[in-house]
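As written, the chain order gives the labels A, B and C, with residue 1 at the start of each chain.
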């Protein structure tokens, strides 16, 4: 049965996600600036931007349909749901039965469809450009992500995220090459999905090189605020997912509110390190040309399949 | 004196020596003398084995028995005659400006080293060392194929290296699997790769592993034998390399590779009594035969045509050994000997012909009888021999193979007859205008050495009419050992 | 399931997985010096795997094997190849026969085939490294794929040597290596082969002014 503490815990996790996501984006921006020897923008800049955008009026194009107006809400809702079912603090929350890894991929896919359709809705050329590129990246990233999940599901004998996280947190320290392959593949996929260098530069102003930014050129006001927030939530979700799957130590196993709170500092620390790592990779690499993106993601897919095969050959028989 | 050690040391030492002095005028003579020495040692070894039975050398790493001793003698003999042929031939090439001094040195030294590797491959008891020697044989001849440095010869040498390299890698995997199967029975001593030990326990080797191992070994060494579909390197290497190299490749290397397969087949047959190994060889043999016969008819270059003829005969021999049994094995061994002698004789004659006319395209060669009757008749008789006309020895072995096939594998007989017929028509139709007709070819600076041609053909003729009893006994013994 | 694997076997499995990964990386690599470095890395990993096997099983000749691999495959051969690349002034790879993502997919299929073929054999082995036989066969097949789909002569040679690496791993994993005399012979063959190839490359370059093997596809049955 759903207990009060469970509900509170779930709400707390969602609230934490909403609050921390822009902070994570800000932190990544800071690290990037540091690595590039620039003066960093303020850490809380994303909050100020959101606040500014919420106060502004929405300007809609003439041909914008209801899809265009509702897409930001749908996308935001999907991302909140994703953050809710990813076990970032605890594995025993009320939404846990719904937290199937395949459902997670489906939720991300839903968000992707809506944003791409909305981008093409107004009929500008940049919108369709962004939408098609997003679909190209997504079409290749999703199978790779699924393969990673299959590998982990084989280790945990289940596709339920909390079960996977618990199994991986409590096994003995064994070197699993398949996990290494899956981890690298997951990193590639998250770079592609979150529109980071080397797939897409989030700070670019050159429309012809954009993927994610090109889709949201027409948005303004609170719609844009919701989409930006959803983007940072997506980054937060992927980071928590990666940490939960590959570095699951410290995640509370039970329903205990205190254990939940105790898990927070560790989560913050892991997110900080992850953000710095992300910024480091972005600094070292250059954005690749769009037609190389399939190669990049093909490599990710191949690594994930390799992880699966290595798991089946080396580890599951002996 | 130890004939075996002598037989191995002479080519090794002369190979090293010729690296330094290979371009001198008397170098070809040194080559011939070294080959003569090797042949003498081989004959001595043969007599010793026939009299005293099989023996070991260098601990148990080398083993000479009735199967390989006559191959050893044959190899040394063809090596000798080829060196006699190659003396004036290479002199002529040098006069024509196709070769320089360093390349002559390379040629002579690699020739002797090649003989060394082949003799080592034939006599080793250790299947791993067999692999090493086969690979070394490929390596020594790669640079020989590209000796003329034309684009075509470089391409031929590259294909040769890569295809045979890949093939030999498969053979290595097969050897590893064989070692794996052997180790389970013989333990982890170094004996697990020794053929003499393996033959004792061949019934206990794990069937699955042996089947897999034999497949890889057949494909791997089969690449070097020229079995289709891995034969692509053969026509190019024969056509673009110097003629003596073509002669030893066709006459000797193919035989040694097939010998390697045979040694492994004996082991595989012990582990897989269902005849799996034999069936594989029959399949490959027939396929090779068909492919070669049909490609033969499309050739315009004389050396390429005879290269395809080598492939065809190797297919036939593989088919014969695949059938198994005393008669087929006897026929196979006989055919290997006949083919070796005849094909090298043909290449000698062809080499002289192409040197005289300056071209390898058959449509541009004609009237050989008029230029030099000996070359013309040599080529004609050699062609008749290789096509299986009586009374040459090739007829006897082909006849035996055909009759055995008709009795035990009747479905294969039409394929055999078709392939042999197509080859006959093609080769005869192309050689006949080459030998007869009008011509305007030039004189050669150095008189060609015709003796080897007729020496080989004479032996083939003699063996077609009458096989000496000790030879028959050897063939029977070896055939029996092959199972 | 996981407690049954001793730590040394886990380590060897890890090294084998790295070797497989390097084989894929070589398939995707376009630049020559980087390709040679990947090959050297593969040799080094191979040596480490052999060393772990040597320490665990106490077989003396495995130490010599590891040393031989280190000297030959991680040091001497890459050095020769680097010198060749520099002297021949080989530029990077031209576009491969089939594009890289397709090559990767074909590679995955080959890996699956290799694993299936090796499964019955590994069942029968008693070494601690038997799980890696499938990986060894997969490396051999990937190297073969690299040889088929690439256009530069040096890439084909690196593919050939990588195939040799895979075979060595197969020998080590199935039977703790071959007898020492055979391994020495194989090493000698490989070394001489690369030297001869070096000479050969100069001949090719002199004739064709490039090491692109598409110049060498003229010989046909005419």
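Just so we're on the same page, contacts are C-beta pairs under 8 Å (C-beta built on N, C-alpha and C of every residue); 3 or more make two chains touch, one makes a residue touch a chain.
Everything numeric in this text was worked out from a predicted model, so none of it was measured.
J.: Touch graph of the chains shown: is it line, ring, star, complete or other?
T.: line
J.: Measuring between Cα centroids, which chain is at the maximum distance from chain A?
T.: Farthest by centroid: B.
J.: Just the number, please: Cα centre separation of chain A and chain C in whole Å.
T.: 37
J.: Just how far, in Å, is the C-alpha centre of chain B from the one of chain A?
T.: So the centre of chain A lies 66 Å away from the centre of chain B.
J.: Cα centroid separation between chain B and chain C, in whole Å?
T.: 31
J.: What residues in chain C touch two or more of the other chains?
T.: none
J.: Once bound in the complex, which stretches of chain C touch chain B?
T.: 117, 120-121, 124-125, 137, 140, 144, 147, 153, 156, 160, 163-164, 167, 170-171, 174-176, 178-182, 185-186, 188-189, 192-193, 196-197, 199-200, 203-204, 206-208, 213, 215-219, 221-222
J.: Can you name the residues of chain C that touch chain A in the complex?
T.: Going through chain C, the ones touching chain A are 1-5, 9-11, 13-14, 16-18, 20-21, 24, 28, 100-101, 104-105, 107-108, 111-112, 115, 119, 131-132, 134-135.
J.: Could you please specify the touching residues of chain B with respect to chain C in the complex?
T.: The touching residues are 61, 126, 128-129, 131-132, 135-136, 139, 142-143, 146, 149-152, 154-159, 161-162, 165-166, 169, 172-173, 175-177, 179-180, 183-184, 188, 190, 192-193, 206, 208-209, 212, 235-236, 239-240, 295, 298-301, 304.
J.: Which residues of chain A touch chain C once you look at their complex with the stated criterion?
T.: Its residues touching chain C are 171-172, 174-175, 177-178, 180-181, 294-295, 298-299, 301-303, 305-306, 309-310, 312-318.
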